[in-house]
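Look for chain A in each of the two complexes below; its partner is chain B in the first and chain C in the second.
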Partner chain A sequence: MEPLVLQPSAHTPSVNLNPTTGVCEFKGRSTPENSVEYYEPIYKWLDAYVQSPNTTTVVNLQFEYFNTSSSKCILDVLKKFVKLHNTGKEVKINWFFEDEDEDMKEAGEDYSDILEIPFEIQPIV
Partner chain B sequence: MSSKKENLFKSETQILEKCELLLTKEEVTVDEYKDSFKELCFNYSELLDQSRLITRVSDKLQNKLNSAYEAVEVKNIELRNTIDELTKARVGRKAQTIILFIGLSLFVLEELVLEPIVDKATGNDIWISLGIKLVIAFLLKPLESFVEGWLLTKANKKVPGIEEPPKKAIVA
Partner chain C sequence: MIDYLSIYEKMHDNNIMLTFKGEVTFDLINSMLKIIESRLDMIEGDLKTRKKVYNVLVECLQNLVHHIDTIDPGEEPSPYHSKTALLMITTSTDGYHVVTGNYIMNDKIEKLKDWLDEINSVSPEELRDLYKKILNNEQFSEKGTAGLGFIDIARKSGQKLIYAFQPVNDRYSFFSFQITIPKNYLQAQSK
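Entry: the complex of A and B
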């Protein structure tokens, strides 16, 4: 399985999904014109990854900002990790936020609540 | 509904279509209805949670956007003030140079042209000559203010101003 690397742009985050290390990173702002189109390859990659995952999966999310449709797409991405977690695999989700960015911190808490999976919510030092 | 939105809620739309299809069937058992209703309730609950989450997150991000917008407005005002001060300083220096040139020209003209006439008319009265020089000297300051004001108006017209940001709220 090949890693999925998407370079960041002014409206899209950088994505680095590595099946060998099990580290999946999302960083930056997510305001694409068509969120579904942007996240579609990520869904497909994750569906394949869930079939043969690493022993431990670490998900690092560091968003500056995302629009409403992206918030739904991020939820769908996280659901796939929850699905993996429910199969008994170790999944660690880290939600990073800029220090003093309470809104982004609370967004992470909200995701954690709805998905019923603990997030490691920490400020960027 | 746009195709983009349909794609965004693809799985939810499929669930709805499945239930709607069941309603169109003529021979459906109670158990089938029950199972379908159970599934619909589960998915509805999930959709409700999603809606709550998206609304909450969206509101928070709107706050973030509003804060950023306010910060930009403050920076905009600061930038505008700095530009104004720089323009004033530049115009002030320019006005001083112009006035220096005008002053020197007036004194030279007074000395070469006006003074011989005045001397001839008044019989070499040194106080009149000094009075004319004083009048020129006292005129320089108001003249400088006038030139400065004129240059400032000209500069403000020439320098493109920083546009006022729109007052309406930004929607993500």
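Entry: the complex of A and C
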């Protein structure tokens, strides 16, 4: 399985999904015109990864901004990791926020609540 | 000649950071966001406030581009072009104000008004629960929107949504929307 690497743009995050290390990173902004279209290849990749995952998976989410249509896509991405977690695999979700950015901290708490899975929510050092 | 000096002075006195009237496209939105972001970097020292303004602006602009009503040619609601919208960003000692204006079909007013009133009537905790509920349960609309824009604007700003519908004719009205993002020292006081 090949890694999925997407370069960041002014409206989309950098994405780095590595099947060998099990580290999946999302970083930056997500305010694309069409969020569903943007996230489609990510969903596909994750569906394949869930079939043959690493022993442990680490998910690092470090968003600067995201719009509300991306918020739904991010939830769908996270649901795929929860699915993996429910198969008994070790999945660690780290949610990073810029110090003082309480809104981004709350966003992480909201996702953790909805998914009923603990996140490591921490300021960027 | 038009008195441009008085227009300039009015814009200056109202602390207008940016004003736009015209057809709204994604490319245009992105250019405006870029301008505002660099302006905010210069004038607003507080990261939290900068991010709130940017976030609220993103949602306001995306609301505009997704919800401007398409009106058939020959059925213009008024001499003014129907697909165009108004955007204004101003500052005051209270905070940053984002104003949008666009045409809306009359039969869509009630639903929108009920939604805005509902958002205005609930507590911050209830608003957060409502956000989570919609985020988790609702499907995307045909336009690819999540139905969360106005809730997000209310949550990030911590303010009530101010709006008005001005009738244009029996089919169309003009929808004006205003939100204020308080400056940080005021956010602290209100807690």
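Some notes on this structure:
The definition used in the following text is that the second predicted complex is superposed on the first by the 125 of 125 C-alpha atoms of A that agree within 3 Å, B and C clash if a C-alpha of one lies under 4 Å from a C-alpha of the other, contacts with A are read in each partner's own complex, and residues count from 1 in each chain.
Following the convention adopted for this analysis, contacts are C-beta pairs under 8 Å (C-beta built on N, C-alpha and C of every residue); 3 or more make two chains touch, one makes a residue touch a chain.
All values reported here derive from a predicted model rather than from experimental measurement.
When both complexes are superposed on chain A, chain B and chain C clash. In the superposition on chain A, contact of A:A10 is made with chain C only, not with chain B. In the overlay built on the shared chain, the residue A:D110 is in contact with chain B and with chain C. Touch criterion met: A:K72 reaches chain B and chain C at once.
Legend: residue contacts after superposition of the two complexes on their common chain; A:E100 is shown touching chain C, with no touch to chain B.
Judged by the touch definition given at the top, the superposed model places A:N34 against both chain B and chain C. None of the stretches 57-65, 111-119 or 147-155 of chain B clash with chain C in the superposition except 57-65.
Looking at chain A, you'll find residues 31, 34-36, 65, 67-69, 71-72, 75, 101, 103-104, 106, 110, 113-114 touch chain B in one structure and chain C in the other.
Interface residues of chain A facing chain B in the complex, by the touch rule stated above, are 31, 34-37, 65-69, 71-73, 75, 101, 103-104, 106-107, 110-111, 113-114.
The touching residues of chain A, when paired with chain C in their complex, are 10-11, 31, 33-36, 65, 67-69, 71-72, 75, 98, 100-104, 106, 110, 113-114. By the touch criterion stated above, chain C contacts chain A in their complex at residues 26, 30, 34, 47-48, 51-52, 54-55, 58-59, 62, 128, 131-132, 135-136, 140, 144-146, 148-149, 151-152, 155-156. Contact residues on chain B toward chain A in their complex (touch as defined above): 4, 7-10, 49-50, 52-54, 56-58, 60-61, 63-65, 172.
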